[in-house]
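Per-chain residue numbering starts at 1, and chain names A, B, C and D are given in the order in which the chains are listed.
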Amino acid sequence: MSTETDGKFGEYGGQYVPEALMPAIEELEDAYERYVLENEDGFMDEFRRRLREFGGRPTSLQRVDRLSERYDREVYLKREDLVHGGAHKLNNALGQVLLAKYMGKERIIAETGAGQHGTATAMACAHLDLDCEVYMGHHDINRQRPNVFRMRINGAEVNPVTVGRGTLKEAISETLRDWATNVEDTHYVIGSVVGPHPFPAMVRDFQSVISEEAREQIRERAGRLPDSVLACAGGGSNTMGAFAEFTDDRDVSLVAVEAGGSSLDVDEDRGVAPNSASLSTGTEGVLHGARTRVLQDTDGQIMESHSVSAGLDYAGVGPELAHLVDAGRVTAVNVDDDDALEAFHRLSQTEGIIPALESAHALGYLEAVAGPDADEGDELGDLVVVNLSGRGDKDLETVIEETHERGIANAPDMDVFTGGLQ
Amino acid sequence: MSTETDGKFGEYGGQYVPEALMPAIEELEDAYERYVLENEDGFMDEFRRRLREFGGRPTSLQRVDRLSERYDREVYLKREDLVHGGAHKLNNALGQVLLAKYMGKERIIAETGAGQHGTATAMACAHLDLDCEVYMGHHDINRQRPNVFRMRINGAEVNPVTVGRGTLKEAISETLRDWATNVEDTHYVIGSVVGPHPFPAMVRDFQSVISEEAREQIRERAGRLPDSVLACAGGGSNTMGAFAEFTDDRDVSLVAVEAGGSSLDVDEDRGVAPNSASLSTGTEGVLHGARTRVLQDTDGQIMESHSVSAGLDYAGVGPELAHLVDAGRVTAVNVDDDDALEAFHRLSQTEGIIPALESAHALGYLEAVAGPDADEGDELGDLVVVNLSGRGDKDLETVIEETHERGIANAPDMDVFTGGLQ
Amino acid sequence: MTRANSRALAEAFADGPAFVPYLVAGDPDCESSKAYVEALVRGGADVVELGLPFSEPIAEGPTIQSAIARALESGMTPERFFEFVADLDVDVPLVCMTYYNLVYQYGREETGEPGPEPFVRRAAEVGIEGFVVPDLPAEEAGPLRDACDEYGLDLVFVVAPTTRGERLERIMEQVSGYVYVQARLGTTGARSDVSRATDESLDRLREYDVPKAVGFGISTGDHAERIVAGGADGVIVGSALIDVVADGVENDDPTAEVAARLEEKARELKAGTRRGATASGARSERT
Amino acid sequence: MTRANSRALAEAFADGPAFVPYLVAGDPDCESSKAYVEALVRGGADVVELGLPFSEPIAEGPTIQSAIARALESGMTPERFFEFVADLDVDVPLVCMTYYNLVYQYGREETGEPGPEPFVRRAAEVGIEGFVVPDLPAEEAGPLRDACDEYGLDLVFVVAPTTRGERLERIMEQVSGYVYVQARLGTTGARSDVSRATDESLDRLREYDVPKAVGFGISTGDHAERIVAGGADGVIVGSALIDVVADGVENDDPTAEVAARLEEKARELKAGTRRGATASGARSERT
């Protein structure tokens, strides 16, 4: 199912950017076509080799025994948490930084929310010897401190963004501004399948190694394709990565799990959505260079999104994913903060894997439809693959704090050790 | 080169434990022989399968381009930092917890220093559904707080050990005491190639997957065996794991890099060694159930060891490694705190890999003998494999603090972001 | 052929080079903002660009970002913007500068579908003569272009120092009213030099028969003079004026005082523009 | 056949069940510690086990760990231990309880090689009659056993509730003086009950002709009575006495006062032992 023509996915996509950026974007389109699509100069071979050696691919596909029992079906995790840096983000960052190198760029800029894309980019830049500056909202700097240190230790500069609420949305805008100023020697490594064409297509292509591997692995292990594939969706890069090679397999359900935050309702007056569920509750709009589903008020002002998971806390979503949902190929669902936290603790305790809070949303959906308290007869089928997009080490502080505040039932008592953390 | 007879490695090894433990140790010996050595009930097959799926093995062997250039030779890293949990420790923890399950034990105890072995054990216990309690010195609890949270989140209890200086040495003693109290239903998962027989042999066997993979990978990549293999040595489990399959390859130099701390001198009066270099400066003694090289005063009291790296901060070392050094098969060298910190920053900045401070010691040795300031003519040869035993995420706080205090020259300026950390 | 739908706009440039100030409507509140716009017109503005604030102003530098934040904070919305414009008592053409999503969403509640037509219709109603939409590329401008044509408004495009060849053609096919010549790369913001990129851009545009207004970083009468002397048909000044507004906010100065300062600054810039025109006129006579 | 090198030790058990208190030498300092040992002997001790503190006491519970920490803090070393023993003014046999590394390292500076002989020689010199080395298993005991035989000292082994079959045989081949019957699993420490494991252990050991002294967790005269009544030839009491020492340290009590309390506690335990002997005697007569 090829969904793309000319940088558009149905009505979505496009290139809504200041004129100053257009030459850079055209240059990037050209490079994308030559190096990525046509493997010129063996670009894709080098990319894949570095993903293996530096990035640690392939990642395993693990059957999780106790969850399989709990949900009375075969549950497999695609272990993107094992990628170097701790998330799928490196797949894309390494691809783009390498591409920038092929293009002769000298300087890399990136935005980051949770800090995962920033650390992935900082690592890729250190690995490939390019200068790196990362824009990060001041609010996110405070809630994702360890990732700030990792970026600095990898030699990147971290530029705090103090406008607005200081989260991902503001960081993207600021990075676009830097790019508009320094187009000639700089490449902007965007962190998800968002932004103007060719970013959504290119990031998907770099991430599709996830489903390429998973498709082969599940056939080997289970002898057939899965009934469904679940992935959390912020911007949607792990989502598109996990879905890409399955979109033509019409019998495989694809489920994108968004952050339901604390509620799906919206505070129009304050311009605040207490969720990040742009597929479930957003409307068509133009944000950060693309037409897509966005959280906006009736005037078209972009709303502040909210999620306990910094990596999902974004008011937009990738245009291709929005299109696939409109087209009925992908089902958009959502899981709220509390259920995500519960799923976080469940996987940690029953399987010995601490998931990223982002990924915990995908697991939370499984619990919601197939757990002991769910109604009979969900649609996920007998063989389910969940993309575990990252590990949760970065989320420890948040989880401890939020778990306490919300009184999450299945959490271990952390009182004894919280003293020194704050 | 089989170095073991009857639980002894030359003069080293043995079973110096309280009588109450002997039945448990005999039971373990028996299980080790049947399940590990003879693959009874397919134990080793299941172990290897779980290492792949859950643990993420095989780990890659990566040529590091910029270090290869710097040291004018081929430098490869064995990427144990990519193992689930962030270090080689899971290889052993998973093996022992699975063994305990085969033995019908219900409860797992473990000691931990840096927290890496504790988290690995907690993860393995969650994965295999066994209760887990981890003993950890109060000093280490303070300096490795994120790992404490990880253990708790995986459902393990963490028991603070407040005697003595409150580091690994005291934690091991306390875990042995618990074991002596609960031998019947409990297995003690020791974290390195130390302790009474069969632990040193068994832990080595679980870790030897490192050299098994590395030996095959380097032959594939370089067409020949390496000239030398470097690994840091605390207790020596990553060391023995990285060396095991090479010990019969007499042309491969094996170099164990200990923590030189701040000095190789010793303060006899205060019973303090400002290093953890038991192979370089220790003498034969009996510690934690085995005869080996230990840091002790002339009376035989065990000294407090010191290293900037919590995982190397131990007064003893595995008996087999001590024997291999005595026998001339392994060369013991050491790298001090400052040089390890410098190596930490160097790898982070030039390759985009943040190493564990432990592993940074092995890299520090390469700089010492082959760096720009080194004398000509080192003995490491043209093809070097360094075992990167773990990732450095756990060390961020320590590194930032120590880097400032010591004024490490190649460190990035972290001032801006240190505010919220303390 | 160059389009010009708005006669007022065409006239503003016909009579010698134009001074085009930019302010964000509603910064820091509607009343002051109205006073400021009127002051600029008293000071000599030939056209006024009025910013309708959007939450993600990706083309703006810190000065205008702050102005936008103040205006949003004071409650500015598209509907209030239109009322604000209707209320203005000025006799120069007004151009609305905003981002595409606001144009696209307006009126959706009634029509059920997003699209630019309701926005343009309403803008025409209150007397707006044209638009600048910095995140709308020529490729995506069709629907807005059509609506402008329907209601007789102009659609201004930005030409960057990097815009050449085919892209430039495509833009120049779409542009009407005037072309916004971006003086340098980057975002908006007052700088102290005049970029060489401007001269080059003006050179590239020489063959196109449309007024060329130069913006981005012009902050003094001398700048304006040099730019016009270099061949521009107008200067657009934003951040340098907003600095005056921001100072007023910071020091809690009375609106009248700030308005007086803006009028004075406008005079300086207008005077520079005139001096430039003389020089330019002299030069064209020589050649 | 059971070995017994030390006549004094053999005699201490020959004459009815023995009360064997344990203290850590030098806890909290040498002078007090000397007074405490002498008080225990006045209170009826038949043998005294004296702990030579080691930095890694893996067989001890918290009470004795703390005592060891205090003794080390006060400067206790193997050499000072021997001087301490030499200075003691008591007429009961003394057994040194310590860990193997201290035995193994002593005298290494002179001989250049580690080994237990110098330690045993020096112990014999100051009048020690035997050793308990809880981390030395029978399998590794050869060299120490030899040295003990050479100098006429006994080597006591611990038998745990879990020790059976071949292991028990191997230990009983090596043991001399008395066998230390560990009353329960775990480490040392005062508990309030008497474990059933003790009876079972004593049963298993009945056939061996060597005094059986029971330790681990005995804290009152009643405990002692029941243990001896169950067939033990002696009771070993450590933590319950060290609790008294620790209290004294905590409250900063004068040495004489603490010594008086220890003497009283010793009398209680000794009396219990005697009562147990009567019961045991009565029982054996009955059977």
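Basically, contacts are C-beta pairs under 8 Å (C-beta built on N, C-alpha and C of every residue); 3 or more make two chains touch, one makes a residue touch a chain.
Everything numeric in this text was worked out from a predicted model, so none of it was measured.
Strictly by the touch rule at the top, which chains does chain A share as contacts with chain D?
Both-contact set = B.
Averaged over CA atoms, how far is the centre of chain C from the centre of chain D? Could you give it in whole Å?
Taking the average C-alpha coordinate of chain C and of chain D, the gap between them is 96 Å.
Express in whole angstrom the distance between the two chain centres, defined as the mean CA positions of chain B and chain D.
Here chain B and chain D have centroids separated by 38 Å.
Can you give the whole-Å distance between the Cα centres of chain B and chain C?
Distance between chain centres: 66 Å.
Tell me, which residues of chain B touch at least two other chains?
Counting only residues that touch two or more other chains, chain B contributes none.
Hunt down the residues of chain C that sit against at least two other chains at once, touch-wise.
Answer for chain C, listing residues that touch two or more other chains: there are none.
Quick one: label the inter-chain contact graph as line, ring, star, complete or other.
Its topology is that of a line.
Name the touching chain pairs, would you?
The list of touching pairs comes to A-B, A-C, B-D.
Show which residues of chain C lie in contact with chain A when the two form their complex.
Listed in rising order, the residues of chain C that touch chain A are 54-62, 65, 69, 72, 77-79, 99-102, 104-106, 108-109, 114, 134-137, 139-140, 157-164, 167, 171, 182, 185-187.
Under the touch definition given earlier, write down the residues of chain A that touch chain B in their complex.
Within the complex, chain A touches chain B at residues 52-54, 56, 59-63, 66, 79, 81-82, 84, 86, 122-129, 141-142, 145-146, 148-150, 152-155, 158, 345, 348-354, 392-393, 396, 399-400, 412, 414, 416-417, 420-421.
In their shared complex, at which residues does chain A touch chain C?
So the residues of chain A in touch with chain C come to 14-20, 22-24, 26, 163-164, 169, 173, 176-177, 180-184, 271, 283-289, 294, 296, 298-302.
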